[in-house]
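Here come two complexes built around chain A, the first alongside chain B, the second alongside chain C.
And now, the complex of A and B:
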C-alpha cells in the first residue's frame, strides 16, 4: 500500500517485534489499513538473526522455535512466505560430566542411568502433562476471560473451560491439577522421579527465561506452558535463524497490505479528548489513527509513550509494579570447527544440549541472582544450528547458549571486566563437557539482560515483558484493566508478550490482540 | 468392655477442641495422649525449677473467639492478655519499634523513611481488608471442587459470591496477594529495607520458603488474621503460658463428661471391613469406638497409624507426597533479669513485645539459602518474646522466661540426625546473635532448652517439627489440605476423621480445624450440631 496523503491509517502498530508483525498481518487480512513503525533498521524485535564479528550469523535471543502458534503459522501462511525448518522435533540431551548423557523425547527417555521405573514414570508424567496441555491449551489462543464484564466470547470460554476441566479431565485429574498448579517444579519432580540428571533437565525447562529457581512455587506452571504452547512442546530450528521467522511474518504482513516503516522511532502516542489520535515520531513526523496497538513493553507504552497523565493513578501504579526481572544471558560463539563433546557423536550435536546436572545445582545457580551476582556455575541450553543450516556459517560453525543465571542489576554493574569474567565462566562451563572448545573459538560475545533491554526494549532484560508468575498471568496480565489487550483509553491496545499469553516466539498475543481490535469492543 | 462413641488421638489443642464439642453434644468421648502431659504443642512445662516454659507455641491470637465463647473457656481459667511493643534491631545500632497507636507508628516510620509513611497506611488497610475477607472462611468446611453434591455446590457458590463481591479491583488484588512473594508484595508498598524486613518475618515463620518465594505473602496474612478481644491483628499471652489454653479446653471436655488418658500412645487405628473399630495402644491394649479422630498430622496418621491396605493406595501415595518439612527451631530461656538492649531508649516499653534482629531482606534470603543446603541460618530471623514482662506468673519474682523462635533450622543437619553437640552449636549461634545487641544477656541466662525440628518431632509428633502440621503452601490449602479426598475432615475409611492443623484452615493455635471436624462428625451422626460457625466479630 502506498503512503496516503494525510498520514492516516486505521491502525498503527508501534514496534515490529514478532507479535506486532502477527497482529499487523491479521488486521490487514481483515481489511484494515495498517502502518507499522519500527525504531530499528529491521523488523523482528528480539527475534532476529544477528551477524557476529567475522560474518557468521546467529539467532539474537531465542534460538529454538518451540512455541510458535500453529494457528498463526497457518493463518498467515508463513511457509509460503519463506519459513522453513532446518531441523524439527529435535531431542533434548541432558549433558553428564561422565559422558553418560540422557536423551529426552516427548514421552521417552534413555541413557543417563535412567531406571526402568523412572522411564515408565516419565512416560506417564509427560502423557499427563500433554493431556493437561491439550485440555487447557485453548486458553492460550483467546483473550483472558473478563469475569466482571462477561461478553458472549467470555461466556463461551468460561463454559468451555468448566466443561473441559470437569468432564474432559475428570474429577481425579482435575483435583490433581488444582493441587499442582501452584507448586514448584522441584517438589513435582521429586514426587515422580529419582534420577537427578532427569530432574535437573526438566527443572531447567521450568526456570528457563524466568526469575525463579526450581524451589520457587509457581514454576510448575511455566513448565506446563512450554508444552501447552506451540506444537505440543516440540522443538524446531528455523532455517536462517530466528530472523527468518520474523522475515516470513513481515513478508506475510506486507502481502496483506501492511505498510512497514523501519528506522522510525515513536516518541509519543497522541491522545485527544480521552481517545488515541495517532503517534509522533522522534523526527517530528505525525501519523494519525484512531487505533494504536503497541508491541512495546507495557511500562514503555504507558509511562513513556502515552504518558501517565492519560490514565488513572491506580492504573499507573499497577503498571509500574509489573515485575520484569531478567535472569538469563546469552553467549554467541563463532567456531572454526565443531567442538567435541565427550560421549556424544557429531550427529547428536544437532539436538538441544542442556547443562543442568541436578535440581540443587540449578537452585544454587539461581541463588546468586537474588543478590545481584552471576552464577559461578551457570546452567545452559546450547544450540549449534550451523550443523543443520550452513547458511549461518559458510566455513566453521556457530554456537549459541542461553545462560541461567545472570542478573540485570549486577552489583558493581556490567563493566567490561564483569562481562569478560562472566563470558569466561560460561566458556569454562561448556569446556567441562567439550574440552577442546577453546581451540575452536574464533570469536565469543556475551549478551547480558541489560544488553537485551538496550537492544530490544526488553525492560529489565526479561524475555516475556513481564515475569510469567501466577500473579501476572491470564486476567492479571499485564494488569487487570488491560488483560483483554485494550487499555483504559479509547483506541489504545497492546499486542506484545507483556499481554496474555506472554513471551516466547509464539505470536499468540499478536493474534489475540488483532482479534480484539477487529471485534472492536468498547470499554 | 467399654466402647466409646469417639476416640480422639492426641490431646493437642485441636484434638481437645474437637473432643470438647463432641462431648458437649452428648457423645462419650475419650482423648488418648502418648505423653505424660496434655496439650501437644500448646503447653506450659516446668522444665527448670519454678519456671514455666511455653516450650512450643508461644502466642495466642489466632484462637477463634467463637470457640472461646461456646466452650466457655473463661470459666475454665483461660485469660488472654494483650501485649504491646516489639522492635527490630538494626546492625547500625538503631531500632524500628512497633506501636499499636497508629499515629505513633507513623511517626516511627517517618523517623526511618519519610516516603513510607503513607505506604504504611495503604499497607495497613489492605491487610485489614484481607483479614476481614478470610476470617469468615476459617470456621467452614472447604467444598470439594470436583463434587456435584448440593452441599459442595452451595459452598462453591458461597465462595464464588464472596470473591465476586470484592469487586473487580479488590478481587484481582487478592488474587495477586495470594500468590505473590512477601518480598515482591512489600516492594509495592515500602522503600525502606528495614521496614520490609520488620514486616517480612511473619511471612516466612514456619515455612520452607524465603521472602522471595511466591506464596509467602499469604503466610503473612495467616499470622495477622487473629485477634484478642476483638482487636484484629492483636497478639496476646494466655496467662500461665500456652498450657492455659489446653488446660481450659480439657476443663470444658471434662465438664461435658469427656475423658483423657495420658501415657497412652496409639500404635494402630483398628479397621474392620472398611470401618474403624477403635485403637490399639502401644502397650497392646485395645480400646473400642465407633469413630476415631486423629489429631496427628496426615503423614503420621496415614503412614504410621494405619495399615497401608486400610488407608488405600491412593491415600498412601497422597500422604507420602504431603509436604511437612521442618524449617524452624526454638530456644526457651530462663533469665535472672531483663536483658538490656543498648539500642532501645532507657525504660522503653517496647521490650514487652516481639523483637527481631534481621534488618534487611537479603539476610533473610541468605538464611533460607543456608537452610536449603541443610544448615541453620548463621544470621537467623529470631522472633523473641519475654512473656513474663506481661504475665509474671511464668517465672519466680524478678526472673523471666524468654521464648526465641528461630527461622531457619533444618530438620536434619546436612542429612545427619541432631545430637547434643549440634544442638549446642545451633543454640550458641542464636545466643551469640542476641548477645551482639545485649551486653548483659549471656550473664542473665540460667537455663536454656534448645529445640530443633527433629527434637519437636520426637517429642510431640509434628513431622520434621513443621509447626503447621504440613506446609502452608498453595497446593496444601483449602480443599487441597491435606489433600483431595480428605479435605473435609474425613479419612479414607468409615468412622475415621482428621482434626489437626493438617486440615483446613491450617496451623497456628486456632482451634478451627478441631471445631470444623467436630461439626462434620455430628453432621454424619445427624446430631444437631453444637459447633459455632463464624459469628462475625468484625
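And now, the complex of A and C:
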C-alpha cells in the first residue's frame, strides 16, 4: 500500500507470529487495508527456523506440525505459497531402555511387549478419542459461544453443540465424555491399559507443553485437544522447519495485500476517548487505525501496550491472573552424523521419539518443577528433521528435543552453570538410549522457558500464552470478557494463542479473530 | 502500606476510638455495637433526644470507625477518575465529592466521600473495607495507597448550631465554607481538617484530627458550645436522620456487589437513584462504564423510591404492590417516622417502570400491638425530594444563633 500518506490503515496487527499472519491474511483477503508490525527482523514469532551453527538450522520452538488448521491451510492456499512437508503422518516411537521400543500410530500399536488386549483397547480408545474430536472439533474453528450476549452465530453454535452431543455422539458416549472431561490422564490410562510404556507415552502427550504431570487434574482434556485440533493428531514435519510454515503464511498475507514491517517494535497501543486510535513504535513512529489486533501475549497487550488504565479494574485483575507457567525447555544439537539408538534402524529415526518410560517417571520428572528445580531424569520428544530435510543441514544432522520439565523460576536462576548442568542432564538422558551420541555432537544449546519469554514474548515460558486448562478454555479464554477476540476497549482485539482455541501452530485463533473483526459485532 | 495488626492486637477484641472515654462520660444506657473493629454507641441516653440534637442544636457522632484511605502520587487524579464514575477532574483541591464506585458490571461496591486534600492526594472514606478494591485498581498507576482508619480520629458534628460553635472555637472563616468544601485549620498539635459534609441532610461538618488531638478537640467543642445543648449521639439517632434525609446505607439499602452472590441483588448507580454521579462521556475508562452505558440505553431493572407512607406505622420490611392486594413490585429497605418532617418515610425499590415521582404504590405493613400482629394496607406516595431538605443544609454563610 504505497498510497498511504497519513499512516492510516483499517487494521493494525501487532506481532507477526503465525496467528497474526493468518489473521492479517484473512483480513486482507476480505478487503481490509492491513499493516503488520513485527519487533524482530523476521516474522514467525516462535514458529521460525533459526541458525544453529555453521550451515545448520533448526526449528526454534515447536518442531512438529500436528495442529495446523486444514481450513487455514486451504483458505490461504499455503501450499502455493511454498508450504511443503518433508514427512507426514509419522509414527511415535516410545523408547525403551532395553531396546524393545513401541511404535504408535493413529489406532494401532506394536512392539514394546504390548499385549493383544492392550492393542485392542488402544484401537477402541483412540477411535473413541477421534470420535470425540470429530464431533466437538468444530468448536475450534469458531469463536466461543458468548453465553451472556447470544447473537445468531452463538445460538447456531450452541444448537450445533447440543445436536452433536445428543445425536452424533449419542447419550452413552456423551455421558462417557462428561465423565472423562475433568479427569487426569493417569486415571484414564490406568482404566484402559496395562502396559507401562504405552501409558507413559500417551501421558506424555497429555502433559506436553503444560504445567501438569499425569496425576494433575484436567489434563485428559489436553490429550484430547491434541487430537481435536488440526489434522486429527497426525504429526508432520514441514520442509525447511517451522519457519517455512510462517514464511508461507507471510507470503500469503503479502499476496493478499498486507503490508509487513519487521524490526518495528510497538511501544504502545494508543487510546483516545475510550477507543483505539493506533500504535506508536519504539522509534516514535505512529500508525493509525480504528482496529488493532494484538498477536502479542494477553498480559503484554493489556498491561504493557495498552496500559491498565484504559480498562476496567476487574478485567485487569483477571488478565493479571491468567496462569501461564511454562515447564518445557528445548535442546538443539548439531551432529556430525546420526547417533545410533539401540534397537532402532536409521530409518526409524525420522519418527517422533518419545522418552517417557512410565507414567510414574513422567510424574516424578514433574515433581521437580513444583519446587523450582529441573528434572533429574527428564522426559523428551525428539526429532531429527535433517533425516528427511537436507536443507536444514548440508553435512551432518540436527536434533531437536522438547524437554520436560524445566521451571521458569529456577531456584538460583538460570545461571551459566545451571544451563550447562541441565544441558548435560539432557544429553546424558538421550545417551541412555543412544550411547554414541556424545561422539557425534558438534554443538548443543539449551533454550529455557525464560529464553522463550525473552525471545518470543511467551510470558512465563508457556507455549500457549496461557495454560490450556478447563478454566482457561473456550469462553473463559483468555478471560470471559475477551473470549470473542474483542477486548472491552473499542477497536481492540487479540488474535494470538492466548485466545481460543489456544496454542500450538494452529492458526485457528488468528482466523477466528479475523472473522470476528470482519463481523464487527459490538459489545 | 500500614500494617493492620499491631503486635498486641489480641489484647483487645475491639478497638476503642480516641473519643471513647469522652463519649463514655455521657453514656446512660450502655448500648454499644461493633462497627468494623471498633465499638460504637447505639444509644447513649435516648434516641429521640439525640435525634433532636441533630435537628435543633448540635450533635457529635464518632466516625473514627469509618474506613479511611489515603491515596497519593502523580497519578492520583487519573486513578480516582478510573475508580469512580464521577468526573474527578471537576473536583478541585479543597473539595469533597460524594460518590459511589462500581465493579466492571456497573454494580455498586460502596458509596462514600472523596476528599481532594492536595493536587495529588485524596482521602477516601467509606463504610466498608476497600483495600482489595484499591489494590486491584492500582495496577498501572503511579500512586501509593494506605489505610489510615486507625490514624485519623474523626467526628461528625451536625446541627443548626454547629457553625456558630466552630466560630466560637476560633476557626476563622469556617462560615464561608460551602457544602462539600474542606479546609485545614490551625489547632494545638497540628492542623486539623474540617469539611462541610455529613450524613444527616442538615447543616453540619466533619472534623478530622490526629488521634492525640481527639480529646482536646472534644473539650474545645464543649467549651465553644457550652450554651448550645451539645450532645453526643448513637447510631440509632443518626439512622433516623439519614432516612429522613433520603440517604442510602450499604448493607441496608444495597448489598455491596463484591459481597453479593445472588444474581440481580446487586444494584447499579442508576438503580440507587444516583445516576447523576455517572459521567459516561468523561472521556476515560472507569469501572462499570461499558455496563452503565448499556444500562442507560436498555433501561434499568429497579427504581429507588422515597415514599411518603400513609398513617404512622412504619413500613418496616414491607413488600410494595401496585395496588391494594395487587402485584408485588418491590420492597422497602429503610424506614423511619421522620420527626422533623413529620412524615412516615420509607426508602425502597420498585421494578421499572413503576414508581415515578407522584405515583402511588401500596405497602403491606405488619405491626405488633401488645404482642399481637396486625396488618394494614398503606398508600405510599413517591416523593421527589427527601422528606427533610432544609435550606440551611446549603446556606452559606449559615445562620447565626
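Methods note: the second predicted complex is superposed on the first by the 522 of 523 C-alpha atoms of A that agree within 3 Å, B and C clash if a C-alpha of one lies under 4 Å from a C-alpha of the other, contacts with A are read in each partner's own complex, and residues count from 1 in each chain.
Assume a contact is a pair of C-beta atoms (placed from the backbone, for glycine too) under 8 Å apart; a residue touches a chain by one contact, two chains touch by 3 or more.
All values reported here derive from a predicted model rather than from experimental measurement.
Undergrad: Could you look at A:323 and tell me whether it touches chain B, chain C, both or neither (first, second, both, neither)?
TA: In the superposition, A:323 touches chain B alone.
Undergrad: Using the superposition on chain A described above, determine whether A:275 touches chain B (first), chain C (second), both, or neither.
TA: neither
Undergrad: Go through the superposed model and pick first if A:363 touches only chain B, second if only chain C, both, or neither.
TA: In the superposition, A:363 touches chain B alone.
Undergrad: For A:518, using the defined touch cut-off, is the partner it touches chain B, chain C, both, or neither? Pick first, second, both or neither.
TA: In the superposition, A:518 touches no partner, neither chain B nor chain C.
Undergrad: With the two complexes superposed on chain A, say which partner A:174 touches: chain B (first), chain C (second), both, or neither.
TA: In the superposed model, A:174 contacts chain B only, not chain C.
Undergrad: Touching A:310, do we find chain B (first), chain C (second), both, or neither?
TA: second
Undergrad: For the three-chain arrangement built by superposition, which of chain B and chain C touches the greater number of chain A residues?
TA: For chain A, the partner with the higher number of touched residues is B.
Undergrad: Taking the superposition on A as described, I'd like to know which of chain B and chain C A:182 touches: first, second, both or neither.
TA: First partner only.
Undergrad: Would you tell me the residues on chain A in contact with chain B in one complex that are also in contact with chain C in the other?
TA: 314
Undergrad: Of all residues in chain A, which touch chain B in the complex?
TA: Those in contact with chain B are residues 147-148, 166, 171-172, 174-176, 178-183, 187, 191, 212, 215-218, 314, 321, 323, 360, 363, 367, 370-371, 469-471, 475-476, 480.
Undergrad: Where on chain A does chain C make contact in their complex?
TA: The contact residues of chain A facing chain C are 273-274, 303, 307-317, 320, 481, 488-489, 523.
Undergrad: So in the complex, the part of chain B that touches chain A is made up of which residues?
TA: Residues 145-147, 164, 168-169, 171-172, 175-176, 178-180, 184, 188, 209, 212-215, 321, 323, 362, 365-366, 369, 372, 473-475, 479-480, 483-485 of chain B touch chain A in their complex.
Undergrad: For the complex, give me every residue of chain C touching chain A.
TA: Against chain A, chain C makes touches at 78, 82-83, 103-104, 133, 136-137, 139-141, 283-290.
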